[in-house]
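Labels run A, B, C, D and E following the written order; every chain starts at residue 1.
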Amino acid sequence: GGDGGDGGDGGDGTAGDGGTETTGDGGDGGTGTTEGTEEGTTGGGSTPTVALSVPSLEFTFFARMENAFNQAKSDGMISNESAFYDAGNSQSQQVSDVEAAISNEVDFLMISAITAEGVINAIRQANEAGIPVVAIDRNVAQGETVTYVASDNVQLGQRSTELCLSFMQESGDADTYNVVQLEGTPGASVTNERGEGFQQAVDDNDSLNRLASQTGEFSTQNALSVMEDFITQYGDEIDGVFCQNDLMALGAHQALNNADMSVPVTGIDGTEAWVQLFADNQYYGTIAQLPEEMVNTAIESGKAHLAGESVEDTIVIEGLEVTQDNASNYLSEYFG
Amino acid sequence: MTQPTQSDADHIVEMEGITKTFGEVVALRDVTFELRRNEVLALAGDNGAGKSTLIKCLAGALRPDSGTIRVDGEVVEIRNPRQAKELGIETTFQDLAVAGNLTVAQNIFLGREEVTGPNTMLGVLDKRAMRERARELLEDLEIRVDVDEKVANLSGGERQLVSISRTLLSDPKIVIMDEPTSALSVEGAERVLELISQMQNQGISIILISHNLDYVQRAADRIHILHQGHSAGVIDGPTADRDDIVSRMVGGMPDEERGERPADV
Amino acid sequence: MTQPTQSDADHIVEMEGITKTFGEVVALRDVTFELRRNEVLALAGDNGAGKSTLIKCLAGALRPDSGTIRVDGEVVEIRNPRQAKELGIETTFQDLAVAGNLTVAQNIFLGREEVTGPNTMLGVLDKRAMRERARELLEDLEIRVDVDEKVANLSGGERQLVSISRTLLSDPKIVIMDEPTSALSVEGAERVLELISQMQNQGISIILISHNLDYVQRAADRIHILHQGHSAGVIDGPTADRDDIVSRMVGGMPDEERGERPADV
Amino acid sequence: MSQSVADVSPFRDRLTISAISQYGPIIGLVGLYVAFALLNDRFLTVGNQVNVLQQVSIIGIMAIGVTFPILCAEIDLSIAQVMEVSGLTIATLAVGARLFEGFAVPVPLAILAGLALGAAFGTVSGYVTARFGVPSFMTTLAMLFLADGFGLIVSNNRPIIGLPESITAIGGSSVFGFPSIVLVFLSLLVVSQLILSYTKFGLYIYAVGGDRTAAERMGINVMAVRMGTLVISGIFAAIAGLVTLGRLGSAVPTMGASLLLPPIAAVILGGANLFGGSGNMVGTLIGVLILGVLGNGLNLMGVDPSGRLVAQGIVLMLAVLANVVGQD
Amino acid sequence: MSQSVADVSPFRDRLTISAISQYGPIIGLVGLYVAFALLNDRFLTVGNQVNVLQQVSIIGIMAIGVTFPILCAEIDLSIAQVMEVSGLTIATLAVGARLFEGFAVPVPLAILAGLALGAAFGTVSGYVTARFGVPSFMTTLAMLFLADGFGLIVSNNRPIIGLPESITAIGGSSVFGFPSIVLVFLSLLVVSQLILSYTKFGLYIYAVGGDRTAAERMGINVMAVRMGTLVISGIFAAIAGLVTLGRLGSAVPTMGASLLLPPIAAVILGGANLFGGSGNMVGTLIGVLILGVLGNGLNLMGVDPSGRLVAQGIVLMLAVLANVVGQD
């Protein structure tokens, strides 16, 4: 049973727990921040031309990557010809995007794959063309990469679930806490990994009981409807809600609100709108991903590689736990 | 019903007790209709009398609510036009069944294409041969249309001629023509009447529906008249009195005949 | 062309030098056609002669490649059937323009519904009134169909009658009828001929296309004959020699008339 | 089609048009109700039924809108993105955020702008379709891309929260304990059915949808009708965007995701002909409910995602079969 | 429709059918080529053109498949999910993983099973449609759900890697330096066009699509034709799934995502009538290329996502307009 795919790659890193505030850039990663100049990269000049391919800008996460990418461009970290690609959630579009980058002869390619396996051939092509590849956020299953810069989705799922558990414990004493899960798009690797993290948390904590789990397809609206149905079916049995992303947490919140229920809800990603909601709810939280740092770290790793330095195989960007306490800090830090 | 089956030999088609309703509209009520072997039988009647409905039941385009159909003495169920064709029944429908998006040649051969190789759904069409034959056929009939023209682009009469020419290609036992001359010029209609008598000479039995009583009287051996979904009797063609036809069309079966089976069946 | 404009008063419609081609098919070549005020003008010709194409140009369903159209002496461009209607031209098309998915009453009133309140697109239909009037109208014409029946469910003749009855509701100056009797029974056709003469009495000018020369001769004041897209002359209706009509339909303009304008224009 | 019903006056022909489709689809719906009522005790509770209505309202409003073009033998593929961009525009304008940073306008104006935007998309695709004969499939596909792009630009691709109460109340409040979004949905449904049944425009939609050439020849302004239906569906999509703001309590740039197929499916499920000329709003309501009840029931039963998909496939097939058999 | 062309024999009527659509759509494509060639120097390179072909191949194969039902006035909404489930089935069977843990079968058998599965979905929707008159929109929508669910079950929601070379070679190798996937696409295109142009079945598709009742009355087995087109589109979707394995180098449970609209759009863009009866494979090829070139060109130019969407909308609108104007 070759369950080769699902994110096992990133699972190891798991350095210190992320309750800290992680100001500044790229603090936690493995490699040092080689800020200095790069000697003679290809393409003429110290600023390489790079490409960043992401699955879909429909997710704010990747939009933030785009912003960081553009910021890097205007900061002169990468050349102005550097290109950003949005695959619009289409597997084959992403392969096409990579091919476009290859024909543009970029100095290195950063890619956040829709699925680790979907880009195997594209990566192989890049390898054949001698273009280094840095995987961001989602790894690739096969092919040469310089490094893999990412949060660990299994860990994010587990931490968010456990954050939810701690909220539940704070809000009331009980032997067991019933949690419902809103899953992402079926079959997507993030869904699998975060779900795995959720399951680990349930397995690790005897007091945690999985009441129900249904797909909300990462969409606020579907999450809202599913949550309404959970409320109809389980009502007060629900002690907490774990959402595989924050957009679904928005929907879950809305459903609970409409039903005049107040239970802990946690998400993943650190979406601005969700964090803004924390202001008046101490039992809401999220594990924020830090795409800006991923992009910056990835660029640095790529440049380091071009400069002939060795780069670690995996760089885990720790997720940042955001709750009511640090919400406003977080917002001003990343959404200014 | 008292009639023994001995008459079968004379009748190539016998439809008995045909009733067909659409919702609450009764289009046909207990109609009995018989077509003799090798005759031209005209079916006449006012608009909405049920003529087209009756022949559609025989052509497989409609299924009667009740009644039996015998072809060549055997009871048959005609579920669709393909089955009718298998029984040797070829029909020209009033609302012409032609495929407007196909060419004249394609329409003429549709459903019985000439193929090279095995005649399956994936048989390879012998287009050249079909075009040739279609062209000859149209020339024979003095129909001046391009075989490669799309039928949707033809004039009303031309379309009707194409539809009629379809009947010539198969080798039918029974031909039904529902208003074949309605859109034709005088010459066009003449040619169709000739065609009908040619077909009769070849041994084909023919049902002709027409509102043109001149044509009906010229072509038909007998005339079956429908009135508001009921049979209004069968009379001899050439010798028929025109007033008799019209009065049956307008008023139905004359009282004296009512209740008895038409004498000449 | 040498004719001065004084004749305008007599002609409600003048079409001059009308040419219409479809790809390489020339349907009309330089046809000149004149309709006198309050006359019934028949348009005759073999199948595919161009009759329908010609009247479609006048009815706004087709636009000629070249030529001018004058209505009431004024040059007009008729871009679509709505403009024709605004000019007072009401048409019954050969391939009946009826909406099969609507009811008889809806079809009769389509495009000129009775509304309560302001007559805009969002005007509220006065369905009861329309149904009533439709029912009366059909009774007047002795058309036995249910006003609430969908037109797709009617028999061929019934559908044609519905289409014809549409002309009665508007208040047209010019009525064009393309084969209005083709699917009608003898009685149905009689009623339509009566209708035509009634309309003439009301001062309407009428163009009638028909393949039935009896009807044409009975109804028409003059007969304009087309032959393969060319004009084959205009002759008087009632007094016309039937052989003359047919020979023009088959052979075109007699040689002696060629080159000159028909004498009686 | 009975002669005897012919005199039952005003309501009569709504019944005629419906007769074909309406009493069919309802069999599938009733079957679903019976099945879920037997399988789950909470399904038939008032609360859950109100929930279902609430859950289908957005799709429902879009389905009503797209019923117009479908009846007219057109299609509108842009509804999901137009819904999104209109909602985002209303939100950003009202809050004065993102593209309109610092340009907050009064709520009514923001709403008007959003609806006008929806209408504008419909106008463009409608005009190109009606005037140049480009299939609406293509013109509205182009609008899909355009609206999607504008949505990204307007929202800067981030959710907008903190919407004024006066906006969220439209789709997110209760009126006598009944969700306002459902009231909006049902009122639009009634108004639309009235338009179809009782106005010239409604009649013309059927005429054009049934046979465009015949309608043209009978003197109907076919261009106006075709364009009109696409404008209406644009406006309804915008309204759906507006009420979504209330339902979600925020404006999310992905709120239109996967909202194209369900509304159109609801219309067809409701017995409308994809090729135009027949169908009505009552059918659309039934179609919307079938989809909604199916999803809700399976959620309540806690079927896992793959089982849920399989069940949806099978039940949908049975429901449409029941509908067709029911019509015979 | 000229009389003079009438004698040019065998190829003649392919030209007739095409004439309407083919020379139209090509204007939009040529326009795109000219524009991108002027805007970007890498666009017209051989490498990039091969890339474009490679990029459109999967959508292209699905588009060819769905052209059959569309010509026949049917639609197939299940192609993306059928593509997915077939690909996943082939992969899991060949590797012997997930649902088929320990039941690895030889590659040819796995492929056969995948294609048979695609055909089976088409057969079910086709049968229900042709036999009971349920619109194919609904039956294939049901198949969409079913196939999606089966895909999750077969793959256990997880990607499958380590596919045997003999499978990935079909869509992922080079033949004389030319990508095999493109060869598969073009061969299928040619075969399909030949079927349409030269077989009875092809002719019957047009006849049924143009006027189903007339075709029935002329004695065509309408049921078989309608069903046949849906079976074909199922098989083509399965083939697309097969070559996707080679293109991606793995089988991914979400590989069909957002692959429904593009193939259908390509068919319509290629001049086929959504309502049946006209269109052809050459048109579909042009439609596929328009979509592919548009995406590729904008990618090369590095337009940002919102600008890209807006550009796609505008260019698409211009392309379809050009096509229609070109036809006049």
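To be clear about the criterion, a residue touches a chain if its C-beta (ideal position, glycine included) is under 8 Å from a C-beta of that chain, and two chains touch if they have at least 3 such contacts.
To keep track of the chains, here are their UniProt names: B, C = ATP-binding cassette domain-containing protein; D, E = ABC transporter permease.
From a predicted model like this one, the values you see are computed outputs, not experimental measurements.
Annotation: the chain B:chain C pair of sequence copies touches via predominantly the same residues, more than half of the used numbers being shared.
By number of C-beta pairs in contact, A-E leads when A-D and A-E are compared. With centres defined by CA atoms alone, the chain at the far end from chain C is A. With centres set at the average Cα position, the gap from chain D (ABC transporter permease) to chain E (ABC transporter permease) is 29 Å.
Averaged Cα coordinates give chain B a centre that lies 48 Å from the centre of chain D (ABC transporter permease).
Measuring from the averaged C-alpha position of chain B to that of chain C gives a distance of 30 Å. For chain C, the set of residues touching two or more other chains reads 22, 25, 146, 149, 153.
Multi-chain contact residues of chain E (ABC transporter permease), defined as those touching 2 or more other chains: 1, 3, 152, 157, 305, 308.
Under the contact definition stated at the top, the residues of chain A that touch 2 or more other chains are 57, 186.
Here chain C touches chain B in the complex through residues 22, 25, 45-48, 52-53, 94-95, 144-146, 149, 153-158, 161, 179, 182-189, 211-213, 246, 249-250, going by the rule given at the top.
Of all the residues in chain A, the ones that touch chain D (ABC transporter permease) in their complex are 57-60, 63, 183, 186, 212-215, 217-222, 224-226, 228-230, 232-233, 247, 250-251, 253-254, 257-258, 271-273, 276-277.
Residues 42, 45, 47-48, 51, 54-55, 58-59, 95, 97-98, 101, 151-152, 155, 157-162, 172, 244, 246-255, 257-259, 295-296, 299-300, 302, 304-305, 308 of chain E (ABC transporter permease) are the ones that touch chain A when the two sit in their complex. Chain A makes touch with chain E (ABC transporter permease) in their complex at residues 1-6, 57, 66, 81, 83-86, 88-93, 95-97, 99-100, 103-104, 114-121, 124, 141-142, 185-189, 191-192.
Of all residues in chain D (ABC transporter permease), only 73, 75, 77, 128, 132-135, 137-139, 141-150, 152-153, 157, 261, 265, 268-269, 273-275, 305-314, 316-317, 320-321, 323-325 touch chain E (ABC transporter permease) in the complex they form.
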